[in-house]
Every structure is written in C-alpha cells, then in structure tokens.
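Read from first to last, the chains carry the letters A, B, C and D; within each, the first residue is number 1.
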Amino acid sequence: MKTLEFLIQRLAKAAFVVLGVVILNFLLIQLAPGDPAAVLAGEAGAGDEQFIAQLRAQFGLDQPLYVQLLSYLQNVLSGDLGYSYRNQVPVADLIMERLPATLLLTGSAFLFSLVLGIVLGVLAAYKRGSLGDSLIMTGALIFYATPLFWVALMAVLIFSIHLDWLPPFDMESIGAGYTGWARVMDIAHHLVLPTVTLGLFFTAVYTRLTRASMLEVMNLDFVKTARAKGVPKGRIIRRHVLRNAILPVFTFASVQAGQLVGGAVLTETVFAWPGIGRLMFDALMQRDYPVLLGVFLVTAAVVVLVNLVADLLYRFVDPRIETAG
Amino acid sequence: MKPTTPLLKVDNLSIELPAGFDRKYAVENLSYTLEAGEILCVVGESGSGKSMTANAIMGLLPSYLKPSSGRVLLQGRDLLVMSEAELARERGRTVSMIFQEPLSALNPLMTVGEQIAEVMLVHGEGDARSRDERVLELLDYVGLPDPASLRHSYPFRLSGGQRQRVMIAMALALEPAMLIADEPTTALDVTTQAQILELIRRIQRAKGMGVLFITHDFGVVADIADKVVVMEKGLIVEQGTADDVLNRPQHPYTRRLIAAVPHPDESATRAEAAGEPLLEVRNLQKTYRSGGGLFTRPRIVKAVDDVSFTLRRGETLGVVGESGSGKSTLGRCILKLTDVDGGQIRYRGKDLVPLSQAAFRPMRRHLQMVFQDPFASLNPRHTIGRILTDGPVANGVPMDEAQKKARDLLALVGLDPSAYDRYPHEFSGGQRQRVGIARALALDPELLVADESVSALDVSVQAQVLDLMQDLQKKLDIAVIFITHDLRVAAEVCDKIAVMYRGAIVEAGPPAEVFNAPRHAYTQKLIAAIPGRHWNPRAAVA
Amino acid sequence: MSFLRRYAQNVGALIGLAILVVVVLVALAAPVLYPVSPWQGVGEPLLGPFEDPAYPLGTDLLGRDIAAGIAYGARVSLLIGIISTAVAVVIGVALGALAGFYGGRVDDMLMRFTEFFQTIPAFAMAVVLVAIFSPNITSITLAIAVVSWPPVARLVRGEFLSLRSREFVQAAVVVGQTGPRIMATQILPNAISPIIVTASLMVATAILTESSLSFLGLGDRNMMSWGFMIGAARTMLREAWWLSVFPGVAILVTVLAINLIGEGLNDAMNPHLRGRKG
Amino acid sequence: QEKPTPGGTLNMIAQPEPPMLMVGLNTQGPTLYVGGQIYQGLLSYGKDLKVLPSLAKAWEVSEDGLTYTFTIQEGVKWHDGKPFSAEDVVFTADKFLREAHPRWRYIANTYIESITSPSPDTVVFKLKRPFSAFLYAFELSSFPVVPKHVYDGTDYRTNPANQTPIGTGPFKFKEWKRGSYIHLVKNEDYWKPGMPHLDELYFRIVPDAASRAVAFEKGTVDVLRGGDVEGFEVRRLSKLQGVTTTTDGWEMYSPLVFMQWNMRKAPFDNKLVRKAIMHAIDRDFIVRNVWFGLGKPAVSPFASTTRFFSDDVSTYPFDLAKAKELIAQSGVKPQEHTIRLMPIPYGTQWDRMAEYVKQQLEQLGFKVDIRAVDAGGWSQALSEWDFDITFNFTYQYGDPALGVARHYLSTNIIKGTPFANNEGYQNPAVDELFLKAASAVDEAEAKAAYAEVQKMITDDVALGWLFEQRNVTIMRDKVKNLVRTGIGVNESMDDVWIAK
C-alpha cells in the first residue's frame, strides 16, 4: 500500500518536473537568435523571402509566443511531440529511432562504471594504505581529470587503429545482415569502446565515492559491534560495511544518471553512435527546435524515471525509508 | 572454590597517545582484577580513560593507538599478544561487549535476528535451525515481547531500551565468561535504565559472569557494583569494594565526585514566591504532524497537551519527564521557536501567541534560553566576545556598551577576562556552559528557559554550573524554567516541579511533596527508577 | 594555524598546490613570455616539438607557437573556471540558503526549480546555452555557471537545514537576530568549508566543461584555450600529435592539481576525517 | 575499357546527414549525393560542360533562342511501377519546382512564357526573351524530375512520400536508419538496359571527421566525396595503397570561395580599404597551409574552369606594404574599427582561414573579433545583413548567369537569403552587362560582356575572392567509372561497378 502511494506521489512529482523542464526549455529556446526558417532556407541551398515566409507559416512561427507555447504543451500532453522542421518527420519517430542506441550506451556505461567503480572502491578501502590502494586512487584521479573526448580520441587511436581490436565507430556492422546472437555479439563488440570511454570518468567518481563511503562506514559503531562479536574482517566488509556504504553511492549514481546523457553528446560524436545525444546536437545546430525540445523532454523523462526506479529499489534495500518519508 | 587465576587481570596497562594530545597517556599503569561472578564498575569523568581500557581488552583500539606496556590476562592468556584472528575467536565467545549508543551499535540493514545469529554463525556454533531457536530463546530471555516476529524487525523499529536488550542478547549468545558494558544505560530514560540494570544483574547472577561495567553515574554504581575502580585522567585513583568506595571514599577526587552527585534535599522547604505572575501559560497545545499522504494517516504527536502553569519573578519551575514527553517542545513554544496550535502564553499579561515573529523580536530580550549542549550552542566560528555582544547589538545597544557589558558578564559567570577574544573550542564543557549562561544574561532577561542545561556535563562540573545558576537567579531575581530528565537535579534546584508525561503535566508541586508523596502512578514509577536511591552521597562525604 | 599544518601534511595536496602555482604564474606571465598574440603565426607551419628550439612544443598548421597557446590557454581556463564557479556558488548559496533556512513552501519551490535544472543533463544544457547565446567568453562562463549551481544549492540547503536547528542558531534567534543576519553571520561561516571544497572541485569541472565545449566548436574564437587547441587539432592527431597532446596534458595536470587541492582542503577542513589516509 | 562485373555493394558517406532525400525540396550536397541515385535531372553535363542526355534523350533550340524542345526517354518507369511521361516534366517545371525551388522559380518567372507537352514524349519551353544559360538549368540540383502522380495536388513539403522517395534513378530507396546509414538497392526496372551494375548502396553517417578518415582507411567505406575528410587527411589517404583520387567531377559546380563584406558599413564602404585587404591576404598561403593545396587562388569572380572566365582583371598580389599604404590613402583609421569576423560554420578549415584572415587584418591595424556562430546564426546574420565580414562560396552551375550573377546584381539585394547580393554591391553598369550577357544568343557577345563585367567587379572589389576549391574524390581502385560527368558523384551511378 505504502509503496503504491509512494509511486503515485512520485509519478505526479515526476510529471510536474518534466513539464517544468519543457516550459523552461521552450522559453530558453525563444531567446536564441537565428530563425529556424532562415536556417532551413540556407540549408536548402537557396531561399528567398517567399520561401521563408512559407516555412514560417508551416511551422507556426508566425504565431505569438504564448500561442506557440500553449499549442506545444497541448500537443505534448496528448502525446504529440510535433514535427521536425528539418526532417519533416514526427519528432517522436526520430527520437524513438535513436533512443534505444543511447539507452544501450548510457545504460552499459552506467553499469560498467558502477560495477567497476564499486569493486575498485571496495578494494581500495579494504587495502587502505597499500600500493594497490594508491594505484587505484591515482588512476581514479587521472581519469577524473581527463577530458572525455580526449580519452575517446586516444582509445580509438590505440585500440582501433594501432591494435585493430575494436571497431572505432558505428553501432553494428552495417550491411553485414547479422541476426540473432551474431547481431548481439556484433553490437557488443561495437559497444566496448564507447562504453569504456563514457564510463571511465564515472568509474573514477564511483571509485572515490565508494572508498570514502566505505571508510566512513568502517568508523561507525555497528562495525565495532561486529568486531566485538568476533566477526572476521572479510565478513565485516561484505556483510556490514558494503551494504551500508553502497547506498549513498547508488543514490548519487541515480542522481547522476542524467549526466551520462550529457557525456553521450561527445561520445556519440566521436564514435558515430546513432543516439539522441547526437540528434540533440544536430537539432541545436540546425535550429530544429521541436526535435531539441523533444530530446530534452525524453531525456528528462528518462532521468526522472531512473531516479524513481532508484528510489523504489532503495525502499527495498533500506528498511528505514518507509517510516522516514 | 575460588579459581586460582582471576577471570580478568589487567596488569600495568599503559596506552600512549599520539603526539599533539593534551596528555601523554590515554591510560597509564592500570592494574585491576575481575573475578567470575563479580561486577566491577569503572567510574570517572569524561575523558578519564574508561572506554579506552575496555577497548584495549577487546582489541578494538584504533590502529594508531597501541598499548605501550602491560598485559591483559583473560583466564590467564594475554590478549595483547594475540593476533587479530585469534582475538576474533575470543570475542563474542569468552568476552562480549555492549555499547552506549544502542541505535548506532546495531547494523541498520540487518534484522535483529540475523545480527544475533551472526555471533553463533561466525563462531561455527550450531546449524541454521538451532541458531534460529537460540535467537528466539535469547530474545525471550532478555525480556523482549513476541520474539518470533521481533527477530525479523530492523533495529530502527525498536525503542532504545529494546535495542539495548538486543545488544545484551547478542552478547549472551555464546554465554561468554565475561561481559564488558560501556555506559550501556547512559542514553536511556531512567525507567528504562532501571530495567536494563536489573536485567544485567539478573543475568550476571544466573550465569556467574564477570562484568566490567563502565559508568559515570555513582547512582548506578551504588545499585549494581561489587567492586569499584575510580579513574581520573588515565590513572586509577582509588579502587576497592563498592561499600568502601561509596561510603568511605579516601581519595579527594572520589570525594569530590561523590559530593557532586545530585541528591534531593528532602528537608529543605522553600519560601513561596509571591507577587505578580510573570508568565501564565494557559491550555497550551502543540501537535506535530508528519508524513501522511493520500492513503495513510499522518503521524500525529501531541507534544504539548493542554498545559497550564504560572510562574512568578524569581521562581524556578522544574519540568521533568522522560524522553519524548514534550519538555523541550514546551520550552520552544514559550520562546516562540515553534508555532503553537492553541492556548495562551501571557507574558506580563500580554499574550505572545498571536504575535508575529517580527512583532515579537523586540520582546525576545526578556525571555532567554540556556541550551543543552555546550559544544553545539556556541558558534564555533565566533569569539566569545562576539557571541556575547551579538544579542545586545541586535537589540540596538551600541557596540562599546555591549562590549563592556560582555566583559562584566564574563566576570559574573566566573570566567577570565582573556576569554573575550578566544574561541569556544579553547574551553572545557563547563566553561562553555558558563558562556552560554552569560549570553542569556547579556540581555537582562526576566525569564530564563534552561533546557537540559547541565545534562551533558560531568557531575562535578554540573554541580558547579547549577550553583552558578542558582546564585545568579537569586542575585538578578530571574524566573527560570528548568527542563531536565533528572529528577534528582530538579529536586535540588527547583521551587516547583511539574512532571510531564505524553505532553501533559500529570503532577505538579513543591519538590518535597512530589518526591515523598507522588500521587500519579507515572511519578511513582519515575521516582522508583532513580538509580542509587538508597545510597546517600551526602552522608558518605559528610 | 593548525589548518595550514594539516594541509601541509598531505603530500598530494602540496604537489597540487605547487602545480597550480606554476600554472597561475604561467598564466600571469603569458604576455611577458610571449609578447606576440598566440594567434599570430610566427614560425614554419607544423614544426614538431624541439625541431626548432625557438618553439619547443612545435607549431600548428598556421605556424602558431603551441607553447604560447598553452600559456595563454591557462588564462582562459583559469578565468572561466574561477569566474563560472564564483557565479555558480553565489547562485547556489543564495538559493540553497533560502531553501534550507526558511524550509516549507520556499524550500519546496526552490528545490523544484533546482530539480528542473538537475533533470537536464548539465553538459547538454551548457551546449544549448552556449549555442543559443553564441559562443563567447561571457556566454560560456555563464552557461557553465548556470549548469553547475544546483549541486551547490543542494549542498548549502542541506547544511543550512541541519545548521538551522543547531543550538547556536536557536540561540541567535532567541537573542533577537533577524533571519538574514543569522544566515549570513551564524550559519554561512559554518557551512563554508564544504562550500569551499565543492567550489574547488567545480573549478576543475568547469575547466573540463570549457574544453569539451571548445572541442565541439563552441569556444570563444578570440581566446586561445586548451580545449580549442585540442578541438582544432583533433583530426590531425595522427599527423601532428603534439597539437593535441600538449594541451591535453595541460588540462589533465591542471585539473588534477585542483582536485588534489580540493581533497587536501577537504581533509584539512574536516578534521574528523583525519587518520584516514594510509 | 574493362567489362563491368555485375553485383556488389558500394559504401559511401553522407556528411552531414541530409534532412531528406527529396532533391526537389532540398539541394544540400549530401541530399544531391544520395538523392541523385533516386532522382534524375532532365539533362546532365560533361566534364567539359558539354550538355549530355539524361531523362531527355534529345533537345533542340530554335534559331531565335526562344523555343526549347525536349524529347524524353522511352520506357522509363517510376520506382512504384508507374510509367514516366512528359506530363511529369511539365508538372515538375510548371508547378512543383516553381513553388518549391527558389532558383528555378527565378528562372521560370523571369524567362519562361509557357511549358507544354504537345505529345507524350515531348516537352516544349517557350521563353519570353532569350536566355543563353537556359540549357544549363536542367541538371539534377536545378531540375530533378518528380512524379506527378505522387505530388500533384498535395502539399509538397509535407507529402509523406518525401520519406520514401520515388524517382526514376538506378537505385531505389530501401531504408534510412537516422544517425546511422541510408540504404539504397538496385532498381531492377531501370531504363538503361543491363544497368545498374551494383546491387546495393550504403551511405554511412559518420559525424566526426577523423572517424570518417578511419572508416575509409579500414575499408568500411569505399569512397570519400570532397569535403568528407579534412585536407591533410586527403594528402595522407591518397598515398595509401590501392587508392585513387581525382579532382574531376566538380566542373558544373566549381565552388569559388570569397570573403563577403558588408559594403553598407565603414570601413568596407571604402574601395581602398577593400583593395588593401585583398593585398594583405596571401591566398597562396591559405591554399597551401589551410587547404593543403586543394584549391587554386582565385583572381576573378568566375571560376577558371568555367566557359566565360577571363584573367584580364585587376589583381591583388600579396603585398603587406602596399596594403598599409592603401589604408593610409583611404583615410580610414583602422584602430577605430572593430571588425566582426563571422566564419562560416562548415568545419575546422574554415575556422583556420578565419584565424588567418584575422591575423592579417590585425596587421593592418584593425581590431578583429571572431564571432563564432552555428549554421542558424550564420544564415540569419547574413540574410539580415547583420554582419561585417564573413566567408561564403558560390556554385557556378555551368553558366555565370546561374551561379555568379546572383551575387552582384543590384536587383538581387534582397533580405532573407544568405546566397544573394548580401554585401550590397550596386553598379548599374554591371547590372546591365550581366543582363546583356544572359540574353545574348551569340556566345561571343556573351563572352565580351562577361569579360567586361569581370574587369569591373574586380576593380570595385565587390567581394574578396580567395580561391577556387578543388574537391578531391578518393576511392578504392576497385571502384570503377565513378566520376564520369561534370556533376561527379551526384551523377546516377548506373554505370559504376566494383572489380572483384
């Protein structure tokens, strides 16, 4: 019962946040110089006033701002994200075509960074002060300080060009016609570099966070109790420290999940990954506002959803939550 | 037949502190013994090294603290030379420990049953079934209700007393020969404390365990100890049987501690204060609502429920009651630190309840407060001078005047004038509490609310601060609302006592009356639970 | 002061400080070291490092001196890093303080507002802002500030929330201090150390963000920045590695140094965490 | 000539990803590249700009230059199986392009009197007055023939068929995974017998320039179109084994790059300043160091590859001293001017060029502020005349009347498009000469007028001509017959084949 109620409340809040994001972005975009119609006209290779006026009317850009906003909101609420100015296809189609790629990339980067980060963080905390700890933490510090795009360039240079181990771009071998398991393996193969590139920074973040959190929990009283009970060190780490220490890492990770999409803009560019990060950037550059707004809407929805799921999981993992509310 | 080797023999133990601490040794040249079937109480003020010895025995010292000399012989074997693995085998099996903070001492993410069973699990005791049975047995043994469902609960669902019982059950799981209890009742209400003490004593008798009991409360010592060790600054200043130490203390430090133990002065009667009422509280209501949503009812706590009383100039009203009874909330309502749901608070006839914060602010100077925690109530980033002048300056007093006043106040509360430019962390707890009092007095208030103002202090310091407060009150003719959970303290300093229970005042009257002839069942229970009631410290040091 | 001593005990933090001092000195001395604008071609195009002792880090395809670019780039990186952080901290502290101190509806409103910003991925938002207001140093700095304040606001809110119920704050209320005054003189000074630590790390992040923006072609074209140098040379990685490797190292080292300093500050300002380092 | 082997897949790159493949509605480079395999023009043009048949197999021009009669190919079918007829051409010329295609609209409204189809295989254009460039207006990007049965009576721009284009070309649209690739397959019913040879075409979307080079290197793609990779990569890739390069195939377009300044504003309203700037810029340096030799310094507004090019013009050799002298003469105080330089956002080489120009202008004493803008900002600023100086380029379209005149005619000073006379150049003599050349029936007459125009414009320094782009097509040796005409890779790849 409580969970259901929680769910309803959170969904309402999530919807509110997403709506807020939509309005915020809509207004933001209005501040931009550069008329979409002019851009399209330019892109079309030529253009005169009549052409641009035609486009404006077609996109409804000749309406007053509040009318545009209202009709946009109305459409969004009825599930219609509008038409891409540039591609002349429904925005929802464009995004849905691209979203799985981004979800795959960010999802695997998320898992990769979280799992690796936690493992390394636990190791470092467990072997605190050892050489291993120093190596892990130095590595984490370096990846924390290295620009993502730079890692991407270097990774392509080394692993694709020099070593020829991994494909440098694309999501799958185009035209190879793989199906079933072969296709999965093919995609997985293509996924390695982008995932690692996108994930390394976050791995560094989670490593540091996990280690700090572990050390903090190790100082807590109940760990002392466990020692006083005669629980061996390994078991203390596994059963007592880890679970308590990981909760804040999860919370942080779920809040940060959205940031991965930001990173995806860069990763998708370098690796020609057909996701919405790229779509967003192109849409922005081409002033294709319905697409831009749509991408933000979908991203916000995904982020809110991830947070919601994380909160739900949290309620299962941490028994204290229910009463705390 | 007495065994030849004592259960525990601490022999010449010293633990060095790292450089930069106030003293060289945390504990120095400690020697004492504990026999099976005995309760040895270690008493002393905060920082005297009580916990340190306990941790040294369990091998739980932080990595950078190492015993520099001595031996700790448990059943004849030196614990200090054992490896971590060997120690782990002993812990929980031959010697167990319970701690002060029952909430933080339990893993929040494991059910209590799991945590108790874990002791047996890691020592390879029994199988899953037998362990489950043992858990039920233990829970039942320590007096917890409905063990079958309780063992699946998480610690946060249990009350403080229940958690402490779980800790005890855990400690007893393998029937160790020895139990170390580090202030196990300090965080609990008196009534709960009495129950836990009773439980420990019962178990100790039944199992013939040796118990090392650490406390700073002589009342508790009087209730349970067979032998007593008194510590001061890392050294043992006196040890002996409970009777010797409590009733015939030799060392001046022990005598001083015992003299400071609060004890109701049952003979003294006080003059009724007369004159205009300063503060009249009528039917005050305050309800906290929290949580609650579409389908659940909110948690409603009637923190203050229809409370009325009158306070006159120069009078001290003691508000006592157990934790959560609404004492602090009452104080906060009077100072308008929180909204009120109903009733009146009339100060000099003017009702404060309807006033807005802004309208009330000019009146604040008449109603001041002394806080509980001498560490938390002073802004660590401000000098004492700034802390003392902030109030007057906020009330429009010119800076130089405020400064002069501040210096006068320092003298008044017995602090050195040099304190003016120093920061709070450079003072001891008692000194800080004096600053807190000075701050409250800086505005020449007519009413002072003191919420647990001495609870965080060691007894000897507590006695000094209480003296100071009483002194000043007489001198300045201030009315005081003195909030405390310690009936002994209240009885010592107050003109009237109000006993609160679940937000309501269930009994009120002069201390002697309340103490000697409690009418309400709750008051009776409260008084019965006062530790060391049958021991008169005044007689010991007379 | 014990703070300095504690800080000095941390070797990493000292190294970080030393590096940062060098970077700052280079940034300050850039016009003296390289009086000619870093945009001016001065040598043969595409000289490798150490091919010509006058240009130890080589030249780019217009014959511009890489070393000069790095020196001037330090100014841009530090400037953007520091100013954007300052702006973000001011916004974050203001909103967080109000939300945390007043709680209730104010808190709800401000936190919802913060959530809007947190729901949009920071980098994506920065890209949009910079593109919309056309890339120049002001828009870049502001865009970075606009996307980086929410964590500060949350942090400050948390601090204020916990500090406002602390007894010394209650004491200030009781002696009659006004809300704004309490926020400024009682609470803020006690919340300052986590803010400083966070701010120091934000400077590092801001430098990274600026370089990523430049990489996408959204940098200020009149300011030589490290990200710009990498972005401009990234396609030439294989022909002229030095064009992107040196600025990349500059970013890495600077950000690393700032991070080390941040950690050092953290350890020194939160003494209860001491004794953690092996 | 070897005998073509049938079958195989050709992998190419579409960069940037085109918005759509409907060539009639969008004439961006990649749209033409991909769309050119689906749609076809009425005519095509050889590398020597000779007119070649495409959907029209023959054409005839009347003596007076007013009647153009085209005979269309037989047996041509649209991709949906419907037959292609002269009606489609009439619809395309009279309705579809007149509405949707600004360049055709201008020609049609200015010159055409009527378009008729007297028989199912002939189309007749009657002109109001002679227009010597008319035969050059039928190539793919100017005149893609569209199916009447699909578009007539619909809103062209929102017609769903735009997503599944139907043309007459050798390849049919199969699938477009946005952000990833466009897939075309062989048109089995193609009207040229035995063609096309290839089975499939893939156009990959690879947004990062460095990745595109890697893609070619690793054999993922077989062809790089001019502009797909950066200049220095061209140099490196063309040296690889088994790789062929050509600069052919751009004769029809011959892009010419220039600085465009706003002549309404100081200091560009001063001819001496413009001349000074021309002298201050080393066009050889730009071509050599920024474009890695892939170009040729320009001397005239006309590309040297086109028919009416003349080198008898005012020239501006690199000479900083002279430039400074001219500035001094002009009376302009350069330090008082902060010039906004707005690079065209087409890639890093354009940015480098901006940096170079900035550096040179600063040597003259001007303050220069590079304003980076995206494509939107650029076309907006240019269309609204809100700029000081920028770069731009023009396609020649085979005839100056089509590709060049639009930048200089005072009648073309219109707001709202970035590809007109945005600099605000006005010279009645130039207007007249362009007009005269365009309606000349006699080629010599046109040539004389154009020579005169080039002299005048270069003396006025209406624009700052920089260089003629030499786009390089890079391909694997096994790709045969790729670049055959003056429209290069936009030409239908019906005769392209891959050696096994």
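Heads up, the rule we're going with is that a residue touches a chain if its C-beta (ideal position, glycine included) is under 8 Å from a C-beta of that chain, and two chains touch if they have at least 3 such contacts.
Note that the structure is a prediction, hence the values are computed from the model and not measured.
Trainee: Identify the chain pair with more contacting C-beta pairs: A-D or A-C.
Mentor: Counting C-beta pairs in contact for A-D and A-C gives the edge to A-D.
Trainee: What whole-Å value do you get for the distance between chain A and chain D if each is reduced to the mean of its CA atoms?
Mentor: Here chain A and chain D have centroids separated by 40 Å.
Trainee: Averaged over CA atoms, how far is the centre of chain A from the centre of chain C? Could you give it in whole Å?
Mentor: 22
Trainee: Measure off the straight-line distance from the CA centroid of chain C to the CA centroid of chain D, and report it in whole Å.
Mentor: Centre-to-centre distance between chain C and chain D: 45 Å.
Trainee: What whole-number Å value describes the gap between the mean CA coordinates of chain B and chain D?
Mentor: 87
Trainee: Which residues of chain C are in contact with two or more other chains?
Mentor: In chain C, residues 131, 134, 234, 237-238 touch at least two other chains, as defined above.
Trainee: Hey, what residues on chain A touch two or more of the other chains?
Mentor: 32-33, 153, 161, 269, 284-285
Trainee: Got a list of which chains touch which?
Mentor: Contacting pairs: A-B, A-C, A-D, B-C, C-D.
Trainee: What does chain C use to touch chain B in their complex?
Mentor: 166-168, 170-178, 181, 185-186, 189-190, 275
Trainee: Where on chain A is chain D touching in the complex?
Mentor: Per the touch definition, chain A meets chain D at residues 32-36, 38-52, 54, 58, 83, 86-89, 94, 97-98, 101, 153, 156, 160-161, 168-171, 174-175, 268-275, 278-279, 282, 284-287.
Trainee: Mind listing the chain B positions that touch chain A in their complex?
Mentor: 58, 60, 84-85, 88-93, 96-97, 99, 101, 104-110, 118-119, 122-123, 154, 156-157, 167, 170, 291, 293-296
Trainee: Using the touch rule from the top, collect the residues of chain C that touch chain D in their complex.
Mentor: Of all residues in chain C, those touching chain D are 37, 39-41, 45, 61-63, 131, 134-136, 217-222, 231-232, 234-239.
Trainee: In their shared complex, at which residues does chain D touch chain A?
Mentor: 9, 11, 16-17, 19-20, 25-28, 101-103, 105-106, 141, 157-158, 162-163, 177-181, 183, 200, 202, 204-208, 210-211, 214-215, 217-218, 220, 345, 373-384, 414-420
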